[in-house]
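As structure tokens, here come the structures.
Each of the two complexes below includes subunit A, the first together with subunit B, the second together with subunit C.
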Partner chain A sequence: MNRNLSRIIALSAGAIAIALPLFAGDYPLQVARNVMMYMALAITWDMLLRSGQISFGIAGLFGLGAYAGILGMIRGGMPAWLSIPFAAFVAGFAAFLIGFMILRLRAMYFSIVTLALGEIFRIIIHNLHDFTGGPEGIVIQQGVIFGGSSSKLYWLTLGGLAVAIAASYWFEHSKIHFALTAIRNNETSAKSSGIDIFKWLLVAFVVTSAIQGLLGGIFVQSYGFATPETVFSADFTLLPLAMALLGGVYSTVGPIFGAILLGLVAEWLKLKIPYGHLVVYGIIIILVILFMPNGLLGRIRQTTGKRAGRTA
Partner chain B sequence: MLKIQGLECGYGRMKVIDGVSLEIGNESVGLFGPNGAGKTTLINAVMGMNKPWKGSIELDGTSIVGFETHVMARKGVALVPQERELFPGMSVEDNLRLGAVYIPHAKDSIQEQMEAMFALFPILKERRKQLAGTMSGGQQRMVAIARALMSKPKLLILDEPSLGLQPSIVAEVFDVLKELKKTVSILVTEQNVRESLKSIDRGYVLENGKIVLEDTAKGLETNPHVLKSYLGL
Partner chain C sequence: MMAPKQRTAILAGLAVIGTIALLAWKPTVVIYGLQAAGLYASIAIPMGLILGIVHIVNLAHGEIMMVASYATYFACKALGMDPLLAIIPAALVMAVFGWVLFQLTIKRALKAPELNQLILTFGIAIALSQSINLIFTSQTYKLQLDYVSSSIDIGDLSFGTWSFVFVAVAILFAYGLKYFLTKTTTGKAALAVGQNPRGAAIVGIDVNRMDALVFGLAIAMVGGMGALFLTKSAIFPSVGGPFTMKSFCLIAMAGVGNIPGILGASLLLGISENILRAFRDTRAWADIVFFVLIIVVIMSRSLKGRKS
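Up next is the complex of A and B:
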């Protein structure tokens, strides 16, 4: 696709996304907010995947951010707007500390540890009853951001998505792109080329975790409460992952595609088959993995004769 | 330039390198030995991939023991690992660029270096946009050498550059090394002693983790042990 055409499509999509609350009702806005939230998470998952590290810890860092935000507000007396960057900071800082311990791990060992991390965060929050509200969760009684206005909350979520897209674009078009791709391709050659593998993995892990935390902070502001079961839900790991796989990995556009398609299909299925939509959803994912291993974007590029990803 | 003294290292409890001392100045040095002699282990120790148990490794008079691999690369020691070890999903051009982007003394002259590499390996210029993983074995070896040279090293280490290549390509690779030794110090490990003797100044023979022989290329060529064990004469 010609670069100017891509730019026009991106700008038009951006303009439509910004203007949506002006002509859409509450229900479509709610659906759009969900899709954007998952889309942003899918992008951050993909950003770390570009280094070859498969994280199952999205829900853990998202939930950590969500609780950091809500506790910062309720227990720390922070204004609602400040609780969101605070959520990002806590998740990013936690990732920085944890990164020193787990970023020497590779492949499934890293994946399993990230999965366990989410569970550890959930159990800690679950058990700190007096501080976190325990299993019943914690509710923002007053001072929720924008007074709960659905259009403003939509724009807030869009802002979170914009941060994820901007970070992903930076990952794709800066020196870090080379470092992450090289690490994924061949670690021995990467370090022989002067790449400090640990440093770049840590940068990627901290940045993606901070954005996941930020999105958690936005989520609790949007719904006004947090319970361990809601914010640490496996959905926040599995759906973004499925969306990125469907759209095509190692790019910003792939997860965006995947999230729009799968998000809308999931919503439609929920209406059509309220008690069985997840089964159909699972079948779609299996079929995509079997027949389009490079995702939709990969298939499109294959058909148009371009190779998948800027550097596969 | 590189001075190794009394080096011992290995894996777990198994000692692979047992008291090796060698030196490389502004020259091309070969390190020969059979499979399992410890050639790659020795290189890995120099490159910071294996921690030495004992002994010293110095680069220009400074100890480099404990330095990580990426630091060694930035200090001017470039490695062409065994088995080519490319970035297969990247184009030839990106592979070369990656050799210099993270090296402070090379990152500002990438274009100029790339042109020099294309002059050295014209086939890479023709195939600059091709994915490195789709090239032939010999071409991939050229990409690996060119990528290492992009970092403007003072010492180029090649671990069995002829491994898995057809004889005509092996000769070509060693012709390039002969040319390169005019501008960069070289340490090359090989099992193909016959071809590599043509491109080196001096050589060591490593057997069971110990240096058993050290001589000039000419001396090695006529040494009875080398003739019998490595040249099949």
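Up next is the complex of A and C:
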């Protein structure tokens, strides 16, 4: 694709996204917020995937951030705006500490441990009744950000998405890109070219986790409450994963593309089928892995004759 | 790798000592721990078989059992049958299901990178649990059976006896498979495929057929377990999910390919969970044991791997 053309498309898409609340009603804004939330998570998942590490712990870090934000506000007396960066900080710091332990693990062991850590966060929060509100959750009584105005909340979520896109862009256009790609392709050769594997994995893990925490912080501000079941919901792991896979991994555009497609389909299905609409996600994951491991974007690139990315 | 047998022996020894101490102190912990261990092991062993021979982490394992439970439930309701009679039919039906699943999906991913396999079976897990959710909603179903509530009183001690059936099944699975893999021709061929697929192909074993067969067998075992599980537990779409994780943890603890070791690992998990359940203050934390255990096991393995 022509460089200028894609820049124009990106700019106009951004302009439309910013201007949306001026002409859209509450329901479309709500849908757009959900889609953007999942899109941002899909991008962060993909950023870590670029190093070959597959995380099943998105929901864990998202939920951790969500609780950090809400508890910072209610127990710590923080103003609402501060609770969001605080959520990012807590998730990032937790990832930093955990990273020392788990970033030596590879393949399925890494994935399983991230999933287990997410569950541990959930159980701890579930069980600390007095501090976190336990299974019933916790509600922000007063001081919700922007007084709950739906267009301002939309812009807030858009801001979270912008952070994710910017970080992903930074990952794509700096030397991190080469480090992560080299680690993914062959660790031994990456090491022998002088790449500090652990350091770059830690950077990627901390940055992606912090953004996931940030999104969690935005999520609780938008809804005004958190329960272990909602913020640690498996959806926050599942949907982003399916979106990134469908759109095409190892890029920023792929997850965006997949999130728009799947997000809108999901919102529509949610109205039609209250139970089990997620079955579509399972089937999409299966079909994509079997028939187009490069995602839709990879397919398009292949057919337009451009060099496709390495198979996932 | 260090000999997994040695580690199992140490684990088993510790378990025995701990059990005796516990038996004197809180007998119900041991009894319920043993029963839980039987359930965990009899679900984990088929998954261990798949991982050891087909080399696939089947993240849809618990969901497959859940599907078998649903099928059994509705068959039993329709025919007025006891789920115990449905064990063999359920196993046969699930064997076919497993074979088809293998041919349609798993086979195509065998040569793909591990991450693709992991995501593929993850997708199958979601597709299965959500299809059930779609058809039957998240309502729970339970069969009322008299024999399940049978219990024994010894002194002031009273406990349910039905769940010991899982212990029997676990032992049957572990030693039945051991016999199958070391004494029968087909089993030996399957074991050869597990140890070295290429070498097995060179000596004339049809690797693909073996993989399909072992996958089908394992799914049949877990299908039969699905019927048996129904006697004890209420079923709902997400009932199988936790067992996938637990099974994987137990296999990782025992070491891939060490099927009898899964028994020891299950005992450790079952008893530790029940120690926490025995006290009011710690009851809510019983669920965390498993996740902590899985991390400790995987971490210690990775440390050991780096040293050697």
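Assume the second predicted complex is superposed on the first by the 302 of 312 C-alpha atoms of A that agree within 3 Å, B and C clash if a C-alpha of one lies under 4 Å from a C-alpha of the other, contacts with A are read in each partner's own complex, and residues count from 1 in each chain.
Note that in this section a residue touches a chain if its C-beta (ideal position, glycine included) is under 8 Å from a C-beta of that chain, and two chains touch if they have at least 3 such contacts.
Since the model is a prediction, treat every value here as computed from it, not as a measurement.
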| item | value |
| --- | --- |
| Touch count on subunit A, higher of subunit B and subunit C | C |
| Subunit B versus subunit C as contact partner of A:G14, first or second or both or neither | neither |
| Subunit B versus subunit C as contact partner of A:I197, first or second or both or neither | first |
| Touched partner set for A:L245, first subunit B, second subunit C, both or neither | second |
| Contacts of A:S189 with subunit B and subunit C, given as first, second, both or neither | first |
| Subunit B versus subunit C as contact partner of A:K175, first or second or both or neither | first |
| Which of subunit B and subunit C A:Y281 touches, first, second, both or neither | second |
| First (subunit B), second (subunit C), both or neither touched by A:P79 | neither |
| Where subunit A meets both subunit C and subunit B, residue numbers | 311-312 |
| Residues of subunit A defined as touching subunit C within the complex | 52, 54, 56, 101-102, 104-105, 107-109, 111-113, 115-117, 119-120, 123-124, 126-127, 238, 241-242, 245, 273, 275-279, 281-286, 289-290, 293, 311-312 |
| Of all residues in subunit B, those that touch subunit A in their complex | 47, 49, 68-70, 73-74, 78-79, 81, 85-91, 94, 97-99, 101-103, 131, 144, 147-148, 151 |
| Complex contact set, residues of subunit C against subunit A | 57, 105, 108-109, 112-116, 118-120, 122-128, 130-135, 137-138, 237, 245, 248-249, 252, 284-285, 287-288, 291-292, 294-295, 298-299, 301-302, 306 |
| Residues on subunit A engaged by subunit B in the complex (per definition of touch) | 175, 178-179, 181-182, 185-186, 188-197, 307, 309, 311-312 |
